[in-house]
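Paired with subunit B in one complex and with subunit C in the other, subunit A is shared by the two complexes that follow.
What follows is the complex of A and B.
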């Protein structure tokens, strides 16, 4: 029982917290994939830009909460601008070109951040400290906030996609953009706004996780791999699948750390991933025939 | 080999360029520094060319070629570190190690298409990277440092930039011949058929996966052999050689040069190396420049540098389509 409370439970919660935040990141990735057929390699950099934009806003206003509002908006604007100028001309071309293009974008963003903010590690102070007694142990307040905030956001996104006209339009565009175009909807605008929204979500995840992790220009490189794994595991283009997979990966990662060193965990997760890609390439909830 | 095939394999331009490259070290400004730069340009050019077999001809994007490259480099460096300094032993071990790994990767990856192929190769490569990065037997994050120069025969060590340059030039020549023969042959035509319409190729009775596996293996082995030459020039092999962003750089080289042209990616690789060197000697934000070049090429020159000839109104560069 002591083992459960002292070791297992915190680790479970850590996994849940990380998984929920990872879900925010993966959700944007999977929507973009469904919409444009492009695995967005620059998604990790938008995540990184979110953290840095947060640092910039906190530097000016000394408020984490202001940053939480402004940073995603700023990164969303960058995302919209990027989509209009670089991805839009590629709609009619093979998805391969989009994939490679986003790799170039990632290089530019990463190096740009290093030029502006320097290459050293930075930290964001959590907006509140202390911890709460919970199920016989104490758990840091900020992590609890992170869990609640991510869950509320995921719920809000779910409501957006199921209950609002805009959300239905995005889903329709994922299904069949041409048909939507035929029905008189401005599809390029749907694409642009969705890309902006996905960028804002990535930025939000970056900023929310920043007080737990460290902020540095390459922080997106490792995260994006994990997010890719989540997207595949959940089934490409399946939003619910991505969230479930994110939580599974988050839990798996934090529980496996109990018995293995982090490198072995990384290898274990990669191996699980390879096996899933081989035996069940559509992941948990993937649809048939998506870009195969 | 019929005469027409012979003429395509030993095309006039390829032979002339290769002979001119033979004379390159004779230029007055070719210091040791520039020779090493030329070594890198040709080495990465050749690797980009072998990736082009997959990307340009078969339509498969590998995001894991850095692992083949890095494994080759490690195989070679591990032998050199242990006092086995024969170049041939290094190459042989590289072929064995890379071949074994590539067999596993290509077996599983070629069962999937498109984005799944890209992601499978990427994740396999990440496993290899993580393994070498954290295994102390191979030096962990420092890798294998300060190895001796490999010997060609007897006491002839490839220890000068000039000798390294000629070694890589021979490698480029042989690899180009191999790739050209390959894509000109029936085998190469089937690869193009797979790229254009995989299902139709299958209905025609071709065992598509076997063809894809074969070309994966060839591409991986050529890349691994290139990796095996690397420690002779740099005296080290580090896990950073296998980072997935390096695989991305290989893809950039192919794109810059022009998909499905063989010669293009060689030019692209050389251009990438020289651009990085030139820009980084003036500013330290060369990755921005490289990223912008890549974006520009994807948007406006999808046929790569060799596509420029189209704009100039010249004969269309020989491609596979």
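What follows is the complex of A and C.
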């Protein structure tokens, strides 16, 4: 019982917190995959830029909350600019071009960050400290905030996609962008705004997680690998699947660290992915034909 | 209303259309006939802006369409009922219809409910299926939805690409009546059909396309009787 309360329960909550934040990252990745037909390799770097932009804003305003608003907006703008200048000319080409491009963009962003901020590890202080008694243990307040914030964001995203016209436009663009344009919708603008939104979400995840992780130029690389696994497991292009898979991976990652070292955790997570894909080749909620 | 002059277009490096010229006058229904693979769909896509012509001009009431994006062409009043319907499978019937409104001059609640009423008047089945995802509709219902979608936009010129393809006779009759009804409402129609009998029953005139060019043009009556039709279409 002591083991459960002292070790298992906090780790379970850690997993949930991490999974929800991972879900924010994976959702953007899934939607962009739906639009472009390729994984956005630069997504992890947008996550990283969110944390650095946060540090910059905190440096100027001394407010984590200001950073939480400004950093995603700034990274969203970078995303929009990137889409217009580099991705847009490639839409009529093979998806492979997009893959190579986003891979290059990732390198540019990562090295750019290293040039501007250096390669040192940095920390962001949580905006509040302290812990709350919960289920017989005490749990850090910031992590609780993280869980609530991520869940609220996921719910908001779900409402956006199901209840708003803009959300319906994005879903329609994922299914048949050309037809949508033929119905009178300015689809290039939908693409730009979707890319901006996904970049802003990645940045938000980066900044929200920064107080419990460390900030460094390669921080996106590790996360993007997990996010890729999440998207594949969720069923490429399925938004609901991404959220479910994110929580599964978050929990798995968190619980496995109790019993193995980080390298083995990575191996175990890939093993989980492979096993699930053998049993369900399309992931949890994969659509027919996405990969065929 | 629609004037196509010497249009050359194709996919990548492959040319498909070789100098197509045709004209659709306001209020007319015009058939575009031709065997499989002759370039009818390619022409429709080019008019809609999905493909850019390499040469030639396409004008709608004197406005050049050739350099415009599909959404601009749609907002000028052109509606496409595409080959294979291309209904948004994951969206509900309501969402599909509301997307149709994107090309309308405004998206006010008043216009939306008026247009929805209109569409349901002609296609009561769509009202019954309003919350169903597009993919759960039968082929005929999807075709109705594709037509209803451009009616929501208030399109003045409707391009229909094989609307009766794969449909049972009752549905074909419904679609045929709907085209006559659209004509009565003042909508101009360019209709691509494999089913020449249906097309010529509702259209005023027709063109026959062969290997990317127009090879014959005549009134529907002439087309019905001419040996050329039989020769070119194999009917």
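A few remarks follow.
As a convention for this text, the second predicted complex is superposed on the first by the 287 of 292 C-alpha atoms of A that agree within 3 Å, B and C clash if a C-alpha of one lies under 4 Å from a C-alpha of the other, contacts with A are read in each partner's own complex, and residues count from 1 in each chain.
Going forward, contacts are C-beta pairs under 8 Å (C-beta built on N, C-alpha and C of every residue); 3 or more make two chains touch, one makes a residue touch a chain.
All of these numbers come straight from a predicted model, not from anything done at the bench.
Of the two partner chains, subunit B is the only one touched by A:107; subunit C is not. With both structures placed on the common chain, the touch criterion links A:273 to subunit B but leaves subunit C unconnected. Judged by the touch definition given at the top, the superposed model places A:39 against subunit B, while subunit C stays out of reach.
In the superposed model, A:172 makes contact with subunit C only, not with subunit B.
Looking at the shared chain after the overlay, A:183 reaches subunit C, while subunit B stays out of its contact range.
Of the two partners subunit B and subunit C, more subunit A residues are in touch with B. Legend: residue contacts after superposition of the two complexes on their common chain; A:93 is shown touching subunit B, with no touch to subunit C.
By the touch criterion given at the top, residues 48-50, 69-71, 73-75, 80, 82, 86, 88-91, 95, 98-100, 102-104, 149, 153 of subunit C touch subunit A in their complex. Residue ranges on subunit A touching subunit C, taken from their complex, read 165, 168-169, 171-172, 175-176, 178-188. Residues of subunit B touching subunit A in their complex: 61, 108, 111-116, 118-120, 122-124, 126-127, 130-131, 133-134, 244-245, 248, 251-252, 255, 285-288, 290-295, 298-299, 302. Taken in their complex, subunit A has these residues touching subunit B: 39, 41, 86, 89-90, 93, 95-97, 99-101, 103-108, 110-112, 114-115, 221, 225, 228-229, 232, 236, 261, 263, 266-267, 270-271, 273-274, 277-278, 281, 291-292.
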